[in-house]
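To start, I am sharing the structure in question, which I have written as structure tokens.
First chain written, first letter: the chains are A, B, C, D, E and F, and each begins at residue 1.
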Amino acid sequence: MKYVEEFRDPKAAKGVLAAIAQVTNEIGATREKPVHIMEICGGHTHAIFRYGLDKLTPEGIEFIHGPGCPVCVLPMSRVDECVELAERPEVIFTTFGDAMRVPGTRKSLMQAKADGADIRMVYSPLDALELARRNPDREVVFFGLGFETTTPSTALSIQQAAAEGLTNFTVFCNHITVPPPIKALLDDPHMVLDGFVGPGHVSMVIGIHPYDFIARDYGKPIVVAGFEPLDLLQSVLMVLEQIRDGRAEVENQYARIVPDNGNPVSIAAIDEVYEARPSFEWRGLGEIDASGLRIRPKYAAFDAEEKFGIGYGGGQIRSVQEPDGCACGQVMTGRIKPVACPQFGTGCTPEMPLGALMVSSEGACAAYYQYGGARSPEPAE
Amino acid sequence: MKYVEEFRDPKAAKGVLAAIAQVTNEIGATREKPVHIMEICGGHTHAIFRYGLDKLTPEGIEFIHGPGCPVCVLPMSRVDECVELAERPEVIFTTFGDAMRVPGTRKSLMQAKADGADIRMVYSPLDALELARRNPDREVVFFGLGFETTTPSTALSIQQAAAEGLTNFTVFCNHITVPPPIKALLDDPHMVLDGFVGPGHVSMVIGIHPYDFIARDYGKPIVVAGFEPLDLLQSVLMVLEQIRDGRAEVENQYARIVPDNGNPVSIAAIDEVYEARPSFEWRGLGEIDASGLRIRPKYAAFDAEEKFGIGYGGGQIRSVQEPDGCACGQVMTGRIKPVACPQFGTGCTPEMPLGALMVSSEGACAAYYQYGGARSPEPAE
Amino acid sequence: MNMAKPITRLRDERVTLAHGGGGKAMRDLITEVFTDVFAPPGDEDQARLTHPAITEPGAQLAFTTDSFVVTPVEFPGGDIGKIAVCGTVNDLVVGGARPLWLSASFIIEEGCEVALLRRIVASMKVEADKAGVQIVTGDTKVVGKGSADKVFVTTSGVGVIPAGRHLAADQVRPGDVAIVNGVLGDHGAAILAARGDMALSADIQSDCQGLGHLIEAALKAAPGIRAARDATRGGVASALNEIADAAGVAIEIDETALPLRPEVRGMCEILGLDPLYLANEGTLVLFAPPDQADAAIAAMRATDAGRDAVAIGTVGKGRAGLVTMRTLFGGSRVVDMLVGEQLPRIC
Amino acid sequence: MNMAKPITRLRDERVTLAHGGGGKAMRDLITEVFTDVFAPPGDEDQARLTHPAITEPGAQLAFTTDSFVVTPVEFPGGDIGKIAVCGTVNDLVVGGARPLWLSASFIIEEGCEVALLRRIVASMKVEADKAGVQIVTGDTKVVGKGSADKVFVTTSGVGVIPAGRHLAADQVRPGDVAIVNGVLGDHGAAILAARGDMALSADIQSDCQGLGHLIEAALKAAPGIRAARDATRGGVASALNEIADAAGVAIEIDETALPLRPEVRGMCEILGLDPLYLANEGTLVLFAPPDQADAAIAAMRATDAGRDAVAIGTVGKGRAGLVTMRTLFGGSRVVDMLVGEQLPRIC
Amino acid sequence: MCLGIPGQIVEITDPARLMAMADVSGVRREVNIACIADGPLESLIGEWALIHVGFAMSRIDEDEAAKTLEALRGLGEAQETLEAMAAGDAALEGRA
Amino acid sequence: MCLGIPGQIVEITDPARLMAMADVSGVRREVNIACIADGPLESLIGEWALIHVGFAMSRIDEDEAAKTLEALRGLGEAQETLEAMAAGDAALEGRA
């Protein structure tokens, strides 16, 4: 596959890994005193475990798995609202597969479907749009989930629906944005972070400048990275080099995809359709100012919150208690490793997830569990 | 079972059969020169074959199986209209089981159901009413089929729907009345009939006086009969006695059920809800004046013809060609026996009925075929 | 970190598509609901079996299958699991086979309650134990909501027919006596009432039961028994017609001899149905030579499933394949196979 | 009057409830669509069977069952009938059994086209002939519109395991080589594309095929083969995990060795799926002792179903039940069983 | 045509809608009693009526039933005293 | 987060709605090209773009891709000449 295979070449990896090892040495990072690098994006977390990069990189590098999995940070109360919407008889509820298994307080979408709700997994909001065209007597609700990468697709779909005059298509908007939680983490006095691997696909939409504050205000390096293993390794190397050199810059490893200024069409569509909410709740992180989007009044006809009277009350009012003993917040802020959670592997497994990080395969706990970050392949004594 | 078992007592039958044999003798009826008695009602046809009465009575008595099976005389075009109604996505089409297998030009209701139409078999129009209550967003159409026996039930159901203010219940009215076809048959110069066994359950509604014209104007005996085998035999005996005595009267063998003046509540309900159509098509008999009912304008909201714009165009316009070689008309008028139809048992079987008389188990051809009127239990040479 | 396995892993109340996906959820469902109860031998997807009866000279294997789709899944007198075991056991034993092993395959609708599955499996186990068969292999599939009716069960059965036994429809001869083991139509009437479509209620239980012990008892007392057939779909009328066709004989039954519950009679009168065509799930027709008929009936009556055994007709020399009935009124009529299913009549 | 039987009695284009009612319509459907093609022995509802291999000393019977519910019913590379025969044949042969007889039970949705049933039955016959098995008994049920998805097929299989053969998951030993017979995930990817839900099109055919000849060839060349398992639902990953669990061994596979079609790879990248979990219907994993692995691969490659046979990993002494993969990048990760079915990921 | 069967009214279930429970040989069904309700509804309990498609269509007249049966039995007895008896037997048993 | 994969635009399928067929390793899917349509649509044919949830989100810059690869390869070659090579090999093979 063009633009894929080249960036998975194991031979080229040798050089990068050697360079990483050398720079790690130069910095003086060790297992006991590691350098902490946060990969913000769940896609990067997934790639680290899928290719075993955590075991290939020196012990002096400690990956902190950031909040960049939109499924993991979705508050339970919003899942409950999805279920309520889906259970309306007139509604065809459409969603990406990722959201199906996230537990709400009553049930997951998977369970709601088993109970009879008409829930369909789609690959694209365009497929939801097509369902709306074909089912004029039903209400098709699309579960708009994701960061800036995905937001343009629902904005463009809403614009398309408006252009066609569709009256039975709405989006249940849960889009969130990357910079605010990073700022929140950086403001957290408990947080120890030496640098960031930045989200490549978010950046192809918004460009690299929204991260300027990280370098400028907090003095931390950030390298926007692609998702193939060589991309990731090169980005880690670039972060390490900044640390070694005492630099704090926004660099772009993923320039083949990410224009420094992002994609103007996407940005325009987002601005036209969405506006920032005053604040939005992140599971494990709490309310974060201006971190979520809502549909502008102009497009209220396509807003499931408006059409079905759901609204967004904010965490103070609506948020529901996280399950007892769940340490998701601490894991997400890098304070503890997943395996240090008392629930890990017992009260919380992928079969029966207690916390959100065990649900999505991009969640740090699920990745640890599934890809064995926690479980040694050596025989147990 | 009270009022049932007593009238099936084989011992009591001996006397009646002996009396029948004797009177037949007295009349001088023989196999070659039989007395022709028409049982008007399909229920009587069914009972004759179910109990083997045709083989117990003397050869000098020839039963002519009348037009009293509402399924058999239903014109094909009306079946097509049922299918059209049933295929509307908003419609739940409800029907007695009898009508499911009657072939239309395109398909039967059974086939329409297999093709996806929402068709439900019910025992009572009250069950259709209940479906309408439970499915306020669907249109429940009840297939109103049958003679005066059944007509009060749909009339009362329509009145009940009106009283409750139901707006999603309609009746597709195909109710027909017994006296007009009898008159038509009596007016047919080819018809040879010496007397009638009258329909007991029709008469419990309309009483026995609607048959006065048979005795008075045509000089033929008629005995209103019950449906148990002793009822039937006694009625045959009473017809024979009238013939022997040169009488032509309307007699009531079924007085335990049939009041001479019928049931006033039923008659009032029919009159309130229905009115006579100028004419109605009978399969095999053609158009017969004032032989069908339609819903009065007052109840138009409950009239599927009105609500769905079907109307009744009359046979001249709407009736569709009967299948080639079908002799149903001749069988129904008693001109030939079912087995004399060239299609009987080959082109026309209960599996693949060509004519209507092969569909219902009350149809003369089906009764002959199924209960062996046509097939000797002796070994075939 | 604690990697110990939790004790119960199946915590869902209802089956979801995840339980059909080939992963841990499916494994947990299969283990906790099915194999913990059936306890099949071994871990492989195929059962590996030996039995001395199979290798005896002259023995034959009997192999049969049926899918069960009854609605409602639970009804007075049984459930789909009981029927699925009894039905396949009966298909074995009416051919003279000793049932040995069953397979059980489940097609489960998304949303089906796990507790319902547990009840079904429990009743399968009870019936299998009664019949002396082992459920040795199985399968589960989960289909989307609306693509099945809660659960469908398919069982297959393997049995062994001892040397010298030859029960078959074509063995029936003129003069033989047709015997049923009990009242007719209970299952069909019970299901009609339980379904509720006609809003009729009646205290009728399905006759659902295994017939192995009954057949063995009858064969011991009347080794000349020619054939037996369980009168399931299509009722006794269809079973008789199949036998008449296969044997090339005529059969005459006697309406006055037919054992019927008053409630079944009542339901038939209301709906215009003929009880001869109502389904049974534990009722058979058996043909014995005239000199062994009384012995067969007596032996049947000594078993649980045969208390009401009675002769209902005889085999004659009439037209091959023809079944007739002497009516209670002394007349006679043909009892043909139906075309399709029996529909309630009104007019 | 003409009482001769018409030549074709099944004139309906679609199945109606009448075809499930136990009467003539059902008989005609069964005769004309099923038994005329399968030609089972005898007229009874049970097949009566003998085979010399069964009575040989040390032989075992193998018995297995599966229900098939694939949507769409016809897809590139096969149909539900082909899968139903191949799937059950494969469940027999992966245990070393020679398949002898199949049962086939159909749950048909009202409205199903008769022509579709005929095509399914024809493809079952073709596959059964190829595998050398006979479809000897069967059943049909008709359920209401919306209570099934056109047609479900359940097959059960009986085979005989010759004396001395013992293929079982728990026979796998450290050092053994894991071998697959061909590319992975074709069936899962073909069905995903054929279903159309994701609006993806690709020229991918299901790998649906019988594996009997392949196994016999491999066993002849490498009689020490320990175990084989067809990697159906849950894919190769699940098959490996089951074997690792049963044998109490660790298995390490090599990502670079996994045979994958570019289109399957592409579909997995688009949807965020892992091909190790995609279903196969004619692909197995087989374990051979190290000194016979090459012989096994060579023998497999000489068969139609094994042209792309290749070693994908080895059995080690790691933690019992653990399957790991050396990634193409030289790293290592656990390949666990999935929880439920694999869902397309977007984010 | 017009299948009907005698049933006994055992309970008034919904006086407003004129519904009652009828019993036919142990089988129960709610039926409409408008056609037979010419007095206080309670007085219908225990009464027999002809049931058709969920409606009690006509009350059964016990006296008339008895009269019909009497006539039938009388016919039987009368015939028994006649030599025509023999012919009747033949018809009953010989022809089937 | 944000699964994306390079695909090649092979056909414009609906110019009005800005839809085109994209090919990913032989798998085809109709995608929206609004975000990459900055010139005549036909000129997109043959171009590569990053595909995400049915949208072509960003055109792939071939030169930048080549530069990145070059840097990666250069890194490899540079390291090969150093004795640090040994340490790199150990990391690659020893730890798994």
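Basically, contacts are C-beta pairs under 8 Å (C-beta built on N, C-alpha and C of every residue); 3 or more make two chains touch, one makes a residue touch a chain.
Treat the numbers as computed from the prediction; the structure is a model and nothing was measured.
Think of each touching pair as a link: the shortest run of links from subunit E to subunit F has 3 of them. Common neighbours of subunit B and subunit E under the contact rule above are C. Comparing the chain pairs D-F and B-C, the larger number of C-beta pairs in contact belongs to B-C. With chains reduced to the mean position of their C-alpha atoms, the one farthest from subunit B is F.
Among the other chains, the CA centroid farthest from that of subunit E is the one of F.
Centre-to-centre spacing of subunit A and subunit B amounts to 72 Å, using the average Cα coordinate of each chain. Chain centres here are Cα averages; for subunit C and subunit F they lie 62 Å apart.
Centroid to centroid, with C-alpha atoms defining each point, subunit B and subunit F lie 76 Å apart. Computed centre separation for the pair subunit A/subunit C is 56 angstrom, with centres defined by C-alpha atoms.
Contact of a single residue of subunit D with at least two other chains is seen at positions 16-18, 24-25, 198-200, 262, 265-266, 269-270, 330-332, 339-340, 345-347.
Annotation for subunit A: residues touching 2 or more other chains are 1, 4, 13, 42-43, 52, 55-56, 69-70, 96, 101, 110, 123-124, 127, 146-147, 149-150, 350-351, 362, 375.
Multi-chain contact residues of subunit E (touching two or more other chains): 1-3, 5, 24-25, 29-30, 52-53, 92, 96. Which chains touch which is summed up as A-C, A-D, A-F, B-C, B-D, B-E, C-D, C-E, D-F.
Residue ranges of subunit D in contact with subunit B, taken from their complex: 1-4, 6, 9, 11-12, 14-18, 24-25, 28, 110-111, 145. Note for the complex: subunit A touches subunit C at residues 101, 110-111, 113-116, 339-340, 342, 344-346, 349-352, 374-375. Within the complex, the subunit A residues that touch subunit D are 1, 4, 8, 10, 13, 42-43, 49-56, 69-71, 96-98, 100-101, 110, 120-124, 127, 145-147, 149-150, 229, 350-351, 360-362, 369-372, 375-380.
Residue ranges of subunit D in contact with subunit C, taken from their complex: 16-27, 42-50, 54-55, 60-69, 71, 91-92, 94-95, 97, 101, 103-107, 136-141, 143-144, 146-149, 152, 154, 156-159, 161, 168-170, 229, 232-235, 238, 246, 277, 279, 337-342.
Within the complex formed with subunit B, the residues of subunit C that make contact are 197-200, 250, 252, 262, 265-266, 269-271, 317-320, 322, 324, 327-334, 336, 339-340, 343-347.
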